[in-house]
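Note that the chains are named A, B, C, D and E in the order they appear, and that numbering of residues resets to 1 at the start of each chain.
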């Protein structure tokens, strides 16, 4: 029984994007216990969505729940609101939503990968990944008019149309991105020191994943095949644009990187299919109805399953809006997967969870 | 989404008889303030497509003690701790202060707050 | 020789997220990335308050992160400049009036440059930093008082609107 | 090993960095930038104020019923909802210009809070004033050209 | 006589030389990452800026130890450049590191304790190799004086290549470069030992980093004997090697580092020593 250090990480720490606080109890730099305090970012959005904003404005507010998956939040909210006002949106709007969601997934996954590289002390790879990521940001800016907060989905459809020029540029940039992605895959899988750092770190088994109900790449890396795109056909037609499930078995940081990288290929294929098969038609379905009844919506955000529950009462204001973010489901798994790891690899593990606490705390 | 009505007495048995870790995914726990009463909901979904959602809901009074399901679903403690703070309800062996500050008047999502 | 001229040549930045969405934070990361490489201006992202000159804060100040914000600000040695990145850090943006945020970091610490936009483009951040450098040169080494935390400043009022309270309590400190 | 050689090779490659503050970077011409306001076209319906999520637009009103438009670029989230809601073509439009930074002197936060409350107060004052006038001479009230003050947004 | 003047000049100018090296290295690093990077004089700008900031002293002993770290390192460098005893050089260098470790342990911050901890371990990783190299130099030249090594007509590189490889393997540890930069793992312990320094006193630690560069590259130059051309070639080669390695590898944790260093580098240096002492 050697001396136990208590190492705090956060709330402000260079390897953290956002304020979360972990307290690691370590024995000669081996983590034996973890305490997490993740609700630094709680702003009270659910309450404000029911009392402060009309249900059409809420789609812009929930976009600000999280800057990384804002399109997922706006889309999920728009879908649940459309269920409440009982309208069917045009097919073109559905396709455009899928396009932006996948572009957002590309930039989010690349950001997470670069963050893993940075936190495992590989600065050059961080720089390289960020450099390759810029194309996704530029495309998103061209499509939605802003680099981060897209405000693309509104209740009843999408806010902007896709110009043919932009569509062509997307196809062209994806072509140039392909070899870069191959290069990244090569580095992430073959670099010796990186695999030394990442293999066997932060392992979660399939049984644990099932027991703790984790979602997203965190669960898929452990072999638990959970992806909402696989089973919500009614809202967004994922299957017909060529979605396929990506899983791995190891469940460590390395496996998570690999899952994310392979999902990028899927996203690229989806984007190409969407643009090639983009149907003509309206962008927005107008309606004067007020939300009524209750509805739930699940959507696959870059980090996993996003869940919206809404209840309306025939007025401008919603009765209740419940947001369940992906990271919210992963907290229990995150805390458990730290046990028995080197403290040195803890930042890399945190980054590989891709935690989004502004989603979690709302 | 199929809703199953239950009450606090039989809640644990219902969920235990329903929940199978290999098949079902516990999504989240939610509560809606209906004025006098409160509707507490537990959302589950299937892993196998089409992942249809099963909801257990119970109508409780705000001062009632709600049984915790964390020995059936270990990861439920996050949702329970959050709900205790946000809705100012009481759940077995769950303490306040996970989401909000200790000095904060709890239950911001209740009606009339 | 005049040392103050060299402050603007090597500003070291410290980044703190006071509870916003991560939008502006990833844009700050993008500023470090090769495309907009702010190390051109000699900036390093030090994770250490004691060695940094510019404090980049994003997000409306939430109840739980406000102590940390004031603490970090107090740890930074003068001369120092505070940048509020994004709408929510400047004024609370879309979050102003929500029950758990304070609506803008200048309710707690004196802010020198407000970078507008939601989310801010890296260009905007760089512009803001360039302006901050000009201010940094004028700054003196005298202590700059940060708004202390008192229960009164953050007392609840129920119609979701702490703006008046904050304004009248903090007027002396912000002037 | 490949990365090792690549790193050495990169010394002789051209950096990808943009020279931003000295040269402009690429920006799409439909970037969601500052909100422009054309006073001559505005019909003073205050719909933009009603739909703006953060409350970055507010109309104040003097005793003669003349309204003035106030916009705070640090509160605005550039969602473009006000432009979509504007019934008059061209009265409210979104430029492609990113918002400039604000300095401490502008007092952009607390000053705006004060302005916001003053604007609402001024409108209530005008409404009361108008009611008083209407009570004074009913005939004038029917043909009063000034729009009655609509209820505020939130 | 002439040599002596040059050596003295080098000793006096060592901080400036190191600063230039540091700035140049930052540019090279940026270029390796496809960036433009800071201007060459950036370290000196930082230096002047830090001189201008308000000082926050944790406690006086802490600041004093920080400055002594710098002074001891400069002494070590001076002895090396003036051709003094290599053993003395190594122990002075060890002393300077020990001073910084003491400073780090004297604070309350847990990160600075961890940094000191890891610094001690990295000393354990590289000092034995340095000593072995010194001893094998003694075996070759018959004296511990660095001057004889500088003056030796045929370069040591060809006589003790294994020792040179061992040196190459431990230099990243000394210069705190990845994969062996556990001592100041920025993402884990945010700088480690120099965490609590600020203002003028951080300057001492910051400048000591520059001196470390000069020290290491002088060690490399030692292998070139009296042929200046070969020395310059060696220094440039090692410079490129270290930076490329830094830009193509992640950080290993300190146990792996210790294992690697003692298993590979130590063995190489030891074999080399045996060969030299037999011949």
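By our rule, a residue touches a chain if its C-beta (ideal position, glycine included) is under 8 Å from a C-beta of that chain, and two chains touch if they have at least 3 such contacts.
Keep in mind that what you see is a predicted model, and the values were worked out from it rather than measured.
Here the chain-to-chain distance from subunit B to subunit C, counted in touching steps, is 1. With contact taken as defined at the outset, subunit A and subunit B are each touched by C.
Comparing the chain pairs C-D and D-E, the larger number of C-beta pairs in contact belongs to C-D. Relative to subunit B, the chain whose mean Cα position lies farthest away is E. In terms of the distance between Cα centroids, subunit A is separated most widely from E. Averaged Cα coordinates give subunit A a centre that lies 27 Å from the centre of subunit C.
If you average the CA atoms of subunit B and of subunit D, the two centres end up 42 Å from each other. Note: centroid distance subunit C to subunit E, computed from Cα atoms, is 37 Å. Subunit A and subunit E have CA centres that are 43 Å apart.
Contact of a single residue of subunit C with at least two other chains is seen at positions 34-35, 37, 40, 46-48, 63-64, 93-94, 99-100, 118, 121.
Shared contact sites, meaning residues of subunit D that touch two or more other chains, fall at 3, 7, 15-17, 27, 53, 77-78.
Shared interface positions of subunit B, i.e. residues touching 2 or more other chains, are given as 100, 108, 113.
Pairs of chains meeting the touch criterion are A-B, A-C, A-D, A-E, B-C, C-D, C-E, D-E. Of all the residues in subunit D, the ones that touch subunit E in their complex are 1, 3-8, 10-11, 13, 15-17. On subunit C, the positions that touch subunit D within their shared complex are 34-37, 40, 87, 90-94, 96, 103-104, 106-107, 110-118, 121-124, 126-128, 130-131, 135, 163-164, 166-167, 170-171, 174. Contacts from subunit C toward subunit B in the complex involve residues 63-64, 99-100, 151, 156, 158.
Contacts from subunit A toward subunit B in the complex involve residues 39, 42, 44, 46-47, 50, 210-215, 224-226, 228, 230-233, 295-296, 298, 305, 307, 309, 311, 319-320, 322, 324, 328-329, 331-333, 361.
Put simply, subunit A touches subunit C in their complex at residues 11-15, 17-19, 39-45, 47-48, 51-52, 60-61, 64-68, 70, 111, 127, 130-131, 133-134, 137, 146-149, 356, 358, 361.
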